[in-house]
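By letter and in written order, the chains are A, B, C and D; residue numbering begins at 1 in each of them.
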């Protein structure tokens, strides 16, 4: 198995400069530790807890920024899409289209994403059993697209909390597709701050390290130079300054895990 | 408080005749027991477990059938919408636009539904705490629309199962909006049959009776003359023949509940 | 089916006078509304959240008080037991031995309780599926004792919270034994106040009414004249003054439920 | 931090020879990979799913076998206790008394175990939040005993299933006491086979590796040369033959984890 990929970036795009700064720094860190890097950011937060939550740059401006990151840094770029129409538009720019967890069973969205021919990363719905991801894979495969990634981002566990069932990773791997651990959304607390999500970034390395030791294709983490002042997902984003140390440990764990694959 | 409304119909539209048959029968049953009746059916099942699940008549044909039910039976009609574009189209025909649970936090969909001026029934997401529905109400109210209903349809409880937390009903009622109990989807088993939902209709009256005794504005139930051969949600739909007896009991419970409202 | 029984009393015994006061008042209220009444109180709270929680009168003094309630008020008495040794001692005095939920799978305790010949009320463990209660029934029946009651008191739902799955009631009824709804412990919040349980008594009538409308043999509720100053379970106990009104509603719901039994 | 300890053995004692065989083999494997080893086995399975489940050798015969393992193999020995009386008896023989998860809040049992002066390993109840373990620690510390271990073995997640929240490990570590991951009970399926627990041993290494990468004091695993024919917990026990390879990987992960401790 290949070394682990790191999918990382700010939760939402703020500006071209900001995206370049984060992307550039992450590219260096990943290169230093032998990880492939994919830049991630959202142009629109379409399902904020409350109406007052900032939604982002919008698709036109956002895709320009993503295109800039892609060409100037020479890294693949991932973003999430929310409607059929957005798939073709975003798919013309980015390398990976991501299906948000809440939308993971919307058939038309999956088909539209599949038809772009781009890689499609589906986040497992927070209410979905990992073995149900096979049905989702089938929907995308029906378009002839077999560039599929499946992401664990936590499952509903009582109110205002997610839990990550680590068994989910090998379960989803049985589809034959690469499995991604989203280590930062998994430690969010949905609606935990009343009108926005809470969370506890101190636990993101817990999720990332556990997943790396089990063996995953990629780890997804949102990061920011100043998370407490980020426009979304601040409580669970990782400080950019903490990334070099964390990624070094993760890649060491990855080498051990890949040398001794778990078979279920 | 007013007597309980019954929102009922087949899970998906099959034909004009079928819709008229179910709607006509339900109207009679409700009238016999003092319940207001709203016909419910879907023109498109947009998030089937698997690709092979039947999706329905489609929006053009479906809305024609719904319009026919509305005019010939003189009953209000409810259907679910999945995109912003569908809101205006469906809103021109039906009385109540329903936001599916998976989509309950999609801001643009809520706003588009609100802007139609039609009543909007939002199903609480299966991962959402009942007290988070206030944020959803705020999104719709921002359009000036205050015809809002909030529906409990179960919360994620381990894999392939929902649980109904009956505390959710008075919690949601604290928004000041009418609360609906969806008694049939609550007893579905998501992905429980591999490539489709399972469920156990024997428990639907359990949910309906419990909710009626607590006091709700409406009970939502899917029904069919032959559920085992229905194109979707068969395992949890109630036999049409069982409705007269069930609704009689529910309306009796409703009278007791409304005479002694629960205050939290 | 017979009218519903009300099992009620303070969470823990405080004094003979206090027990007689609560028991006497509850007996009157139940008689006024056609309910059979069973007095409940604990002589020892053996599994308090923290060491500083008050444990109660102890078994010797406690059983004297229970005996006094039984003889002076002429009502059956229920108390919980925590060890094999306590079964015979308590069984010499009380009518119903109750197995706490945490202990519901301790084989020796179940057998010792069964051997007393007294009725045994087992609370379903907070981690146990309702269909597993058949195995617990088998353990007690092996002693030749078939006076068994099964109680729902909520199931673990994330952290510091229980949820009541109302499907549990008809599931447990399939054993053929009477089913009890514990409406006050079900709305506790385990460890919710750090060193003691929290809870919200406003929801206890929600649970009681829902269960009554489904049809149960009994409803269990803890009550106190001044819950906020009670030595345990204050947050979820019902004010004694609210009981007449609540029980009147519950018995009305019970009559409707018993006239139309749910069959699963 | 010290290298990880492995607590391992058969679920229940079968005979002196069997215990010596398993213990001897595990001691060799652990020594080869730099792990301290503690032998674990139960003399009584006090809370089997059903009455027909085998209970084991009993306390007298069982403690003789444990004493033999301890003296002939020169390894520490752990066993679980279920009543106050058993604490002193077992405490005279074994090095670590283990409190079963179902009993983790039984105050008298915790105090009796604490008073023996032996190390006390408490398994977190399947319904307990990890931050509630502080109250349990307080109970044991009140006896003057500060040799305490805290074990994660999964939390109730819907019916017939546990989930391990990996955040639990650093949460419990905040007490200052060593944290243990029980990798085999965590993958059991309570009541999953009707009259006995099910489970899937293929996932035990998933739990063990994840915990090792986070950093724990010990990993607890039940093992057997022929799990499918073991008298209890067969579905989730690890083949003894698989242990050398697994422990090698775990100790490698442990070195990485201990070199970069997680701070929360």
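Methods note: a contact is a pair of C-beta atoms (placed from the backbone, for glycine too) under 8 Å apart; a residue touches a chain by one contact, two chains touch by 3 or more.
All figures in this text were calculated on a predicted structure; none of them were measured in a lab.
A.B. asks: Given that chain A is a copy of chain C, what angle of rotation, in degrees and a multiple of 5, matches their CA positions?
C.D. replies: 180
A.B. asks: Could you compare the number of C-beta pairs in contact for B-C with that for B-D and name the larger?
C.D. replies: Result of the comparison of B-C and B-D: B-C.
A.B. asks: Which integer distance in Å separates the CA centroid of chain B from that of chain D?
C.D. replies: Using C-alpha averages as centres, the distance is 48 Å.
A.B. asks: For chain C versus chain D, what separation do you get between their C-alpha means, in angstrom?
C.D. replies: Inter-chain centre distance comes to 33 Å.
A.B. asks: Calculate how many whole Å lie between the centre of chain B and the centre of chain C, each centre taken as the average of the chain's C-alpha atoms.
C.D. replies: 35
A.B. asks: Return the residues of chain A touching two or more other chains; collapse runs of consecutive numbers into ranges.
C.D. replies: Those would be 155, 157, 159.
A.B. asks: Pick one for the touching-chains graph, please: line, ring, star, complete, other.
C.D. replies: If you draw each chain as a dot and join those that touch, every dot ends up joined to every other.
A.B. asks: Spell out the part of chain A that touches chain D in their complex, as residue ranges.
C.D. replies: By the definition above, chain A touches chain D via 155, 157, 163-167, 169-170, 187, 200, 202-203, 205-207, 209-214, 245, 249, 252-253, 256-257, 260, 262-264.
A.B. asks: Of all residues in chain A, which touch chain B in the complex?
C.D. replies: Listed in rising order, the residues are 46-51, 55, 82-84, 102-103, 105-108, 125-129, 131-132, 135, 138-139, 142, 155-156, 159-160, 190-191, 195.
A.B. asks: Quick one: in the complex, what on chain C touches chain A?
C.D. replies: Of all residues in chain C, those touching chain A are 157-159, 161, 163.
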